[in-house]
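Going in written order, the chains are labelled A, B, C and D, and every chain counts its residues from 1.
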Amino acid sequence: MRHLAVLTSGGDAPGMNAAIRAVVRTAIYRGRTVSGVYRGYQGLINGDIHELGARSVANIIQRGGTMLRSARSMPFMTPEGRAQAAENLRRHGVEGLIVIGGDGSFRGAHALSQEHGVPVIGIPGTIDNDIYGTDVTIGFNTALNIATEAIDRLRDTAASHDRLFLVEVMGRHAGHIALNVGLAGGAEAILLPEVPHDLDEVVSSIVEAQARGKSSSIIVVAEGAYEGGAMHLKEKIEAACGYEVRTSILGHMQRGGSPTTRDRVLASRLGYAAVEALLEGQQGVMAGVDKRGTVFVPLEDTWSKQKEIDWQLFEIAKVLAV
Amino acid sequence: MRHLAVLTSGGDAPGMNAAIRAVVRTAIYRGRTVSGVYRGYQGLINGDIHELGARSVANIIQRGGTMLRSARSMPFMTPEGRAQAAENLRRHGVEGLIVIGGDGSFRGAHALSQEHGVPVIGIPGTIDNDIYGTDVTIGFNTALNIATEAIDRLRDTAASHDRLFLVEVMGRHAGHIALNVGLAGGAEAILLPEVPHDLDEVVSSIVEAQARGKSSSIIVVAEGAYEGGAMHLKEKIEAACGYEVRTSILGHMQRGGSPTTRDRVLASRLGYAAVEALLEGQQGVMAGVDKRGTVFVPLEDTWSKQKEIDWQLFEIAKVLAV
Amino acid sequence: MRHLAVLTSGGDAPGMNAAIRAVVRTAIYRGRTVSGVYRGYQGLINGDIHELGARSVANIIQRGGTMLRSARSMPFMTPEGRAQAAENLRRHGVEGLIVIGGDGSFRGAHALSQEHGVPVIGIPGTIDNDIYGTDVTIGFNTALNIATEAIDRLRDTAASHDRLFLVEVMGRHAGHIALNVGLAGGAEAILLPEVPHDLDEVVSSIVEAQARGKSSSIIVVAEGAYEGGAMHLKEKIEAACGYEVRTSILGHMQRGGSPTTRDRVLASRLGYAAVEALLEGQQGVMAGVDKRGTVFVPLEDTWSKQKEIDWQLFEIAKVLAV
Amino acid sequence: MRHLAVLTSGGDAPGMNAAIRAVVRTAIYRGRTVSGVYRGYQGLINGDIHELGARSVANIIQRGGTMLRSARSMPFMTPEGRAQAAENLRRHGVEGLIVIGGDGSFRGAHALSQEHGVPVIGIPGTIDNDIYGTDVTIGFNTALNIATEAIDRLRDTAASHDRLFLVEVMGRHAGHIALNVGLAGGAEAILLPEVPHDLDEVVSSIVEAQARGKSSSIIVVAEGAYEGGAMHLKEKIEAACGYEVRTSILGHMQRGGSPTTRDRVLASRLGYAAVEALLEGQQGVMAGVDKRGTVFVPLEDTWSKQKEIDWQLFEIAKVLAV
């Protein structure tokens, strides 16, 4: 393989730039040519493909977002779109593709590979950490710190006014962010999509906490944990316990910002591993990390299997909210 | 005056603790006794008044919120409540009161002073900076930095996806925060309560900006700038320009966190000045800063007069969004 | 075991408070009494031992340093000192002790246990991450982020002036911090105590990098990587390559500050695990984390065995500095 | 004037990019052509002059350092060098020059103007705030926050170990940074170049503070406040009071990083004002801010007159260290 390409797809995540840098520099170190595809799969279809040098990725390791940009592409969901994409790769002489994104992006990569024989390797980049096959995804650690810092600030106000705050963090289908920041933020209760919750129990735990001398409380709720979202939940809690409840929805802010050391190191490790694997002939897999170190799992597994939250952590969070 | 007291009232603001520290230590340095009133005017009514020493305020200058807590007090809005408050001050031997808060808090202080002869001095503590008589209020600078940092993060995502973001910052009646963070965040447009705005103009400026090559845009809107708030505005812009618009409401997060150097210095200066003034016999005034340095304005002015936004800055922001 | 105690010893590390909180609340949740020993082993000798409630550890999870304080104790290094310590524990009814600190602190704990039969469990708290038996120590992740942020700032200046910066990070005997922040900071070269380095090679890599178009460079050096330290190294590099070199010694700043999400979660996990293990009859071990999850290793191992740096990371850092 | 140019000179300061952006966009808004000179006066001599568009300065307002880079230029200190510089400006059609830097840079600008009739206007950009004619310089506010944050972190360790920390901040000839961060960091003592200090007094204030119950202390010292610097002072204090003293030299880190809201707003205001003034025919002046708003002072004043520190703040700092 002489020439490989890299793209970012789906929602941006801090550390994507560090991963791009690692892919580009490892390829160059191995004597290969490397191109960047701009705006994800749409750029593949539009032929927005440009060779990158070692200096093209200088001074980006600390930047949030993605220098290659990202975009949704409806055409790529069609066989015609993917045929066009494969054709463009061939025309540019690209013999292998690295896709940085979430499981939706990996489905696209898989289809491209199946239909047109393009060797692809995935790198998990999403703040939600909801990808099977890797213990952590690029961007997750940064998102945790941003959300925890926000909760620390809300706590200043909660403590000054003896108030109850409901904080909604990202995670439509997965509670990894909520669980970690709930524990780290000293939340009274943590509501996750994975755990059926009884509102009465939440309310009574708050009432009891007040009785034990807690004068302020934080409840952390994942985006997808409650139908109707934080605003609906707020009304229910207010009706049930009689307190005024303040709501804060952290939103897209969790997605941006300079990546943490850990996200930069993880991204560097996976970018390096993906290139090495591609050059050694691997394909159709995602590079991830787990207890064994760097691992490669079939792309299909990333969306067909379900990643569990850390149940022990959930138990610890409950004990420590005492 | 042998014994003075200090309380915080209204919404908390970063730097309130630095102001409390300055009041307490200046009083002690001048050989006076000083007490803290907990939970604002409600604590005055409840007699929640405790003497503070120099060490009681150690290690708080860097903390957000207020160690004296704050609370709303309906009873204090009645003559009976204020009579009880005055009685409690007398009982504790307190001869002068320093109130850290916003203009609503100063109305209460004024009433207490008029009805019961309690010498009071106000210190402006609110993130909104909407108090007449001082160029800046305690907490404003910290809130600016938190909001600007959030916009920087959103910009990472906006730039990665060629998106339009609508960011709502605090300011129900005043656009000081929105104006400064809009300029500092490089916003395409800034919507303030003080400026009647034409939605068509906003939309066309965005469309033109895209034509000039701007692929992502940030619009900063003050809480009170648009009826129906950011969500309503979002729908209107989407309908008008056809783009998808993301919304982020920064909310209470702007209120917390460790105060900036400037807020700590301002709070120290005003806390010191308030005690000095009270000991020199001044009362019924707020300590503030303006072009002349530290100044004292009648409490009535703080709510009866209107503070202007910096119109030159508004003009500059428009020019620089080119 | 009815009553247990906790102390912090050695250099402070961010997350120690989160670990104290976890120990205290888990013990209370399990229906036990728990005491805090102030100022480490010296407090044990002085009998500075006080019962803690669930509220005593409220609002500390986000704080740097240690609320129990830490101190060196020469007397505890003597058998007489340890006898006094054991006597004080008995007098207070303490039946088990949890020590949060580094391997030096664990030696002391081990001696106390051997000589007086006090059941002890260690929790690794040190920013250096140089303790055998756990993949990470409490405080390490926070220290990494502080150091990386400092390097990001230095890079602004390095890039603006085409300069060479030499940054010394903590790590007298271990290069874990230097390796991670060197990689994350995009350093041109990383000097570790574990790797014999050839100054000529470092100098020639810098000269070559300039030739490749890099106009500014950062070299990260661990405290113990070079005899004479950063200042000596600076002179040698200047003499060899003719450039002016700026030096920055990050120092104690890396030790403080609010712990990251990861350090809070790790500290909570280990504090919880240590109490559970002590109650189940384990002793003479340190609670740590590795590929298997939470693990317990004999205290002796923590100082007699050597923890390796991540050699693959070292290789990756070299490739990416291309 | 049809065409103007901008350069940055001297040490970089956060907010320089925001000033460049304001100069460029204001010029374009006024229908003028604008060029950037790279690497300061050296670039002027080398003819490193390039036209900038509104998009050239997109997405830089939040970045530290200077996109135009900065460098020392020995040749520019000679009449021949300046003649070459003037010749290059003429050749590029540049009719006016804006120089962002410190008073040393303004001397150069002044000479160029005197000798070759080039209209110049200065913008004060330096973290030290030591320029006469403006209350604040670009970069000062950011440097304050970085230094205060560092002191907050050191305080965690100081408080955990009952230690004395000596923190050296920037300011070879001026104590503005030391004074503000010393006050904001709750320092026990603040040593400035402007204030002759008696070491015995410092030592006795520390000893007394310990007696009053302060168990840890921070002393902030400006770079130029003490002959031999912080290390020499450390030894003297240790000898005098018998405590071990830890030293931290913040150094270049204070110079980098994303500018604060205030620095971005100040830079925008001054960049805008400088262009407006140049177009209105002003020259030989620096744009600054003081009690009257935006002001223009003769360039000569900036280096021939001395800016005072805020003596009232120095008094307040002493009172609050009680």
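We take it that contacts are C-beta pairs under 8 Å (C-beta built on N, C-alpha and C of every residue); 3 or more make two chains touch, one makes a residue touch a chain.
Protein names from UniProt, one per chain: A, B, C, D = ATP-dependent 6-phosphofructokinase.
Computed from a prediction, not measured in an experiment: that's the story for all the values here.
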Note, CA centroid farthest from chain C's centroid sits on chain B
By C-beta contact count, A-C versus A-B, the higher one is A-C
Whole-angstrom distance, CA centroid of chain A to CA centroid of chain D, is 39
Cα centre of chain A to Cα centre of chain B, whole Å, reads 35
Separation of the C-alpha centres, chain A versus chain C, in whole Å, is 28
Residues of chain D that touch at least two other chains are 152, 155, 159
Among line, ring, star, complete and other, the chain contact graph is ring
In the complex, chain D touches chain C at residues 8, 11-12, 14, 39, 63-66, 69-71, 146, 150, 152-157, 159-162, 165, 246-253, 255-257
Per the touch rule, the chain D residues reaching chain B in their complex are 18, 21-22, 25-26, 28-29, 54-55, 58-59, 61-62, 141, 144-145, 147-149, 152, 155, 159, 180-181, 183-186, 212-214, 258, 260-262, 264-265, 268-269, 272, 291-294, 312-313, 316-317, 319-320, 322
